[in-house]
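Written below as structure tokens is the structure these notes are about.
Chain naming follows the written order as A, B, C, D and E, and within any one chain the residues start at number 1.
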Amino acid sequence: MDYSPLWISLRTALVATVFAVIIGIVAAYYVIRLGRLLKGIADGILTLPMVLPPTVVGFFLLVFFGIHGPAGRFFLAVFHERIVFSWYAPIIASTVVAFPLMYRTMRGAFEQFDQTLVYAAQTLGLSNTFIFWRIILPGSRYSMIAGTVLAFARGLGEFGATIMLAGNLPGKTTTLSVAVYAAMAAGDNALAYKYVLIDLVISFAVMLVMNLVTGEPSRRRRKNIPAAKGGI
Amino acid sequence: MDYSPLWISLRTALVATVFAVIIGIVAAYYVIRLGRLLKGIADGILTLPMVLPPTVVGFFLLVFFGIHGPAGRFFLAVFHERIVFSWYAPIIASTVVAFPLMYRTMRGAFEQFDQTLVYAAQTLGLSNTFIFWRIILPGSRYSMIAGTVLAFARGLGEFGATIMLAGNLPGKTTTLSVAVYAAMAAGDNALAYKYVLIDLVISFAVMLVMNLVTGEPSRRRRKNIPAAKGGI
Amino acid sequence: PTAPSESPSASQPASTASASPSSGAAANLTILAAASLTQPLDDIIAAYKTVAPNVTITPSYASSGALQTQIEQGAPADIFFSAATKQMDALDQGGLIVTSSKVDLLKNEIVLIVPKDAPVKVGGFGDVATDAVSKIALGDPKSVPAGQYAQDTFNYLNLWDTVSAKATYGSDVKQVLSWVDSGNVDCGIVYKTDALTDENVKVIAEAPNGSHTPVVYPLAIVKASTNQDAAAAFIKYLQSDDALSVFDKYGFVTK
Amino acid sequence: MSLEIDIKKTWPGFRLDVRFKAEREIVGFLGASGSGKSMTLKCIAGIVRPDEGVIIADGVPLFDSDKKINVPPRRRETGYMFQNAALFPNMTARQNVLCAAKGMPDRSRKLNRVKELFSIMGLDGLQDRYPAELSGGQQQRVALARILMSEPNVLMLDEPFSALDSYLRWQLEQELAVILGEFGGTSLFVSHNRDEVYRLCHRVAVVSRGTLVADGDKWELFNDPRSYDACLLTGCKNISPAGPVSDRTIAAGDWDMTLECGGKPAGDVKYVGIRAHDIVLTDACDLPNCFEFEAVSTLRDTFSYILLIRKAGSNAAKTLRLEMSREKYESLKTLPRYVQLPPEKLLLLDK
Amino acid sequence: MSLEIDIKKTWPGFRLDVRFKAEREIVGFLGASGSGKSMTLKCIAGIVRPDEGVIIADGVPLFDSDKKINVPPRRRETGYMFQNAALFPNMTARQNVLCAAKGMPDRSRKLNRVKELFSIMGLDGLQDRYPAELSGGQQQRVALARILMSEPNVLMLDEPFSALDSYLRWQLEQELAVILGEFGGTSLFVSHNRDEVYRLCHRVAVVSRGTLVADGDKWELFNDPRSYDACLLTGCKNISPAGPVSDRTIAAGDWDMTLECGGKPAGDVKYVGIRAHDIVLTDACDLPNCFEFEAVSTLRDTFSYILLIRKAGSNAAKTLRLEMSREKYESLKTLPRYVQLPPEKLLLLDK
């Protein structure tokens, strides 16, 4: 059995998650500052990759990153690299598809955040950067974890957009999902199940680690102590 | 042009969202009570529909709900109904695929919720039901909106699992996403784009409405007032 | 391109058969058909409405593999119209279709395509092995029939080793078409009917005769069907001149 | 550092309209609950945006509705200590205080100052606790340390001692007096403790229903509050509506008494007040404003007695509260028959 | 309704070990900031789980570590009013109070009671405001109304008046006295205001560093606090370590004085205290415990003067705080030469 899909999937999902998390947070950060109408429009645009069937997303990505597409031409000219079928094409596809998850989750968390703490920080003269990184983000950590887990899961399960942009080049762009699909389509269910199993193992491992690692400090400390959340 | 996919998609996405929201909230509610290890396992299981490629999810659904599968046999025996290819098959598929989004978002929100308020409610002798419905849920409304939007978007974009379980029966199970796929597969790109356009219109409309409706009361009232979140 | 219009045979019996269901009982037929058949089949179903107004035909288009799985899992279907013999044979072996009703209705051609505005470097299958081509898109030979036929063809030409090194595999023909269409590969191999739907690609050559087993589209009645008669009637109609001319129009080879 | 504000803001059901100036001094804010003290400070801090008006610190406009100036809170250098501590829950006490030390580039100086503040606040040993692990009063002290660490130009403390026991309060008050003395900027101090305000502040502003009803020297305010609200907030327990009867006498409606004003003009008097310990019990009725009285109830307080009395025979009259030390009360063999409201102790209020 | 608790709980750096009984009475909790008052109440309410011990209300065990009983908070019927108001932010003030009225099936009675509570609390017109739209004191009063509405068996109020101005405090204290009087269950009342506790409560418990250092009748406690902490918390400003010199005399180290105890045995004395207004200034030195003194500083308080003095010549000695009314001080022509610490006023503390 070929284990390359495992590594490719891991790489793809991890890198895509990192990108999705960063882009998602940044997008959420700016969107909450908008008026209600603009927020709706931003939501519409930024959630698009979830609304459209992945194949369609993949098709648009192909057009955009293809050698005649704006991004494709740019990369070709500047880096002499073709994106389509490259090893980072699955990453791009997964990122695009996973990022709305992070974006929307973080938007919710930011909106829910206790403004009093922000005001307190502002009157202390703390910079917006500090407020964001050291106060708002840590305060939204549970949503951040939720968004990250979802983005990772989506990145792992991504297939429609990936195969369109990245093709199915064994050892290069064939992720687990693509391998599962291909094996199933070829009628090789045994192989498909093996890949599905690997999928499951990865996702369980990630979920467990996420649950064991996170909330650790505050949890231990919070145990039995009412969280006085800045109250007296 | 056939507009039935629009209605079917709307019906499917809306009903699936409702189910996903309910199941997601309930799942989140119970999971946060678990120990850390069990939480991880629960996460693993409940996020599965996102991790697996939708076609694989569809395949499992088909096996499970098919006339040889346990659920399929049960339904046939009790309701004399076949699920596969029925008009509610897309709803089932979309629900399964969309619910992890709600579940994970709500879990994050519940974990983030200020425990002091829960304690205060408990010492007032309020029932757990009341505490959940009237205190925790309203306090998690922004995450709830985020989860709902995501679930709806996913429900709208769902295609892999749907076409497997529900087929592509025009006027019955052909959702927008399936219609887009079918049109593309048949080489009718013009039609595909038309459906994509409808997709976009729906999702923009929903996002706008979501943004205009929600947060309305608290927003007006909160404007310029530091949210004293139960503080003095 | 000119649609091949020579289809003399099998017109007489079909037109007589087509008259019978019009007087027959009302029926609902579900036909599971390969997605590539969408356009001709939709046209034919619309036309059939005038022939047999009592019969409602609902098509469900998906990939042949998905359709096979659905039938295996007991999806309520009457007719299976596959894009390849593999799925049909599998169902036949499983005893899920009425073997006697099986008809190889259509054929398709395997063609080599290039982006329309590409400088003409590729003149035929032989050129794929040369330096003129750095990337070729094929269906995945393991899962996509068109890919299997392409492999057969290159094997026949003794070029497979060189070609497979430049190949990128799509999970369906549509993808191959998209890649060629968008110019991300130099050429690709698809069915002729697919190539005709895309105006951004041009057909360079058809696969040489005998280079692969014929591309046939078999159809058959599903054993679990409760409308065997109506299904048989529709299959008859599909073999009529009226129906075949529609397939013709979309580039299929009808016998 | 001087501060000048003149702001207006309207909510449904509440209107804030405050105007005042402060130099390099400590201004105490007294006001009933809900009178607008916190709102005023929040406007200065930039957390709440006034509908109109100006806020000028040291000549620099922080807010000006006409000129469309609205400096964001973090550039105003106006430190506001929230009524609730508003500590950052994800940082330890030390981190909470340290992060406010933006102006100090020298890390060791920073750390020293933090240490110093913690020991002043009696928080030694709690530096590494998270806010959720601290008691209410401890949280408040961390917040106080944090705001002092940030060294703003205008220091606004919103009831900084409310969660502290009296002993700690007294200690911290003295420390704060020293710190505010060295600080040299404008300090605004909200407290519900009249005495604290009196001891700590140079000037006192009295807020009532969204406006400043008194603002001035503390001696003056306490001796002659002038307004009903100021009188109440400076701790006077007995106030009655009143009106002039003649040039030098007034009628106090609630008490059913006609009182001589001791030389002060009675013209504009709307209310009259007298502090509980200024009322005198006497056996003879030879002084002005002497009345026979009946005691309605007697309350024993920690170190004093509280008598609720009214003019004999005026059953409808409201009671007056009279306080005397326990010693004095216990040394009385019998309760005197008469009560005197010394004219010079009457507080005549014209609004 | 009686309450019996005996609990232990250890945190890193803090240990709670509290044992006491209460009948149908109002027990006041005095204690320094961070001494464990809130924790004790939280344990009773079931919000914090003790490591071991028992909590029994009316004979029913609410918690018993041995028998593994731990009744969940919502079934304990122990109402705990949080130190911060902990109002539900998504409900209006009225909804906050209404939702606590679980026991009343009759809607109109409920509404009447809510109305009544709002007017007692001086919250009329604020019923439909959300917590974020209320001032600190208003929030606190809503929380008080809410806890009173819930009619628990054990009523625990954690500094219910801390955010209120003195006038409102006084009013609410009286209302609360009536309500608690009618209530008839056990009430636990945490306050930092000695006088409030004194007036409102029957019994006073003094908490220090996690344990109860005194618990008993309030008269007794205030007259003879016995322990250092109780002495401090009942408002005594002067305390010095002390040791017996003879049977009836002690040496107060901080003040450099040897003092007669006025007949009380000096045997176990560890500290000695005297209240600021119990110290007497005199021109003659003919009484026991008379010393020549020097005034270190004089502070003018609202209606009194505070003198910090020490024994003449003892430059290393700590100062004593002496308080006298402004009248008395201002009537002094010259400051007397001697200070007397009347033996009967000395508080002898044995722990």
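In the analysis below, a contact is a pair of C-beta atoms (placed from the backbone, for glycine too) under 8 Å apart; a residue touches a chain by one contact, two chains touch by 3 or more.
Computed from a prediction, not measured in an experiment: that's the story for all the values here.
With angles rounded to a multiple of 5, the C-alpha fit of chain D against chain E returns 180 degrees of rotation. Set against one another, B-E and A-C show the most C-beta pairs in contact at B-E. One inter-chain figure worth recording: chain A and chain E are separated by 55 Å, centre to centre, where each centre is the mean of the chain's CA atoms.
Rounded to whole angstrom, the centroid-to-centroid distance between chain C and chain D, based on C-alpha atoms, equals 89 Å.
Centres computed as Cα averages put chain A at a distance of 54 Å from chain D.
For chain A, residues that reach two or more other chains under the stated contact definition are 59, 116, 119, 139, 178, 181, 184, 222, 225-232. The multi-chain contact residues of chain D, meaning those touching 2 or more other chains, are 47, 82-84, 86, 133-134, 136, 140, 162-163. Among the residues of chain C, those in touch with two or more other chains are 63. Residues of chain E touching chain D in their complex: 11, 13, 30-36, 38-39, 83-84, 122, 125-126, 129, 133-138, 141, 158-159, 162-170, 192-195, 198-199, 222, 232-235, 237, 275, 277, 299, 301-303, 325.
Against chain C, the residues of chain B that register as touching in their complex are 55, 59, 62-63, 66-69, 72, 82, 84-85, 163-164, 167-173, 181-188.
Chain B makes touch with chain A in their complex at residues 36-37, 39-41, 43-44, 47-48, 50-56, 59, 100-101, 104-105, 107-109, 111-112, 114-116, 119, 139-147, 149-150, 153-154, 156-160, 177, 180-181, 184, 192, 196, 199-200, 202-204, 207-212, 215, 222, 226-232.
Chain B contributes residues 116-117, 119-128, 130, 134-135, 138-139, 218, 221-222, 225-232 to its touches with chain E in the complex. Considering their complex, residues 45-47, 72-80, 82, 84-91, 99-100, 102, 130-134, 136, 139-140, 146-147, 150, 152, 162-163 of chain E touch chain B.
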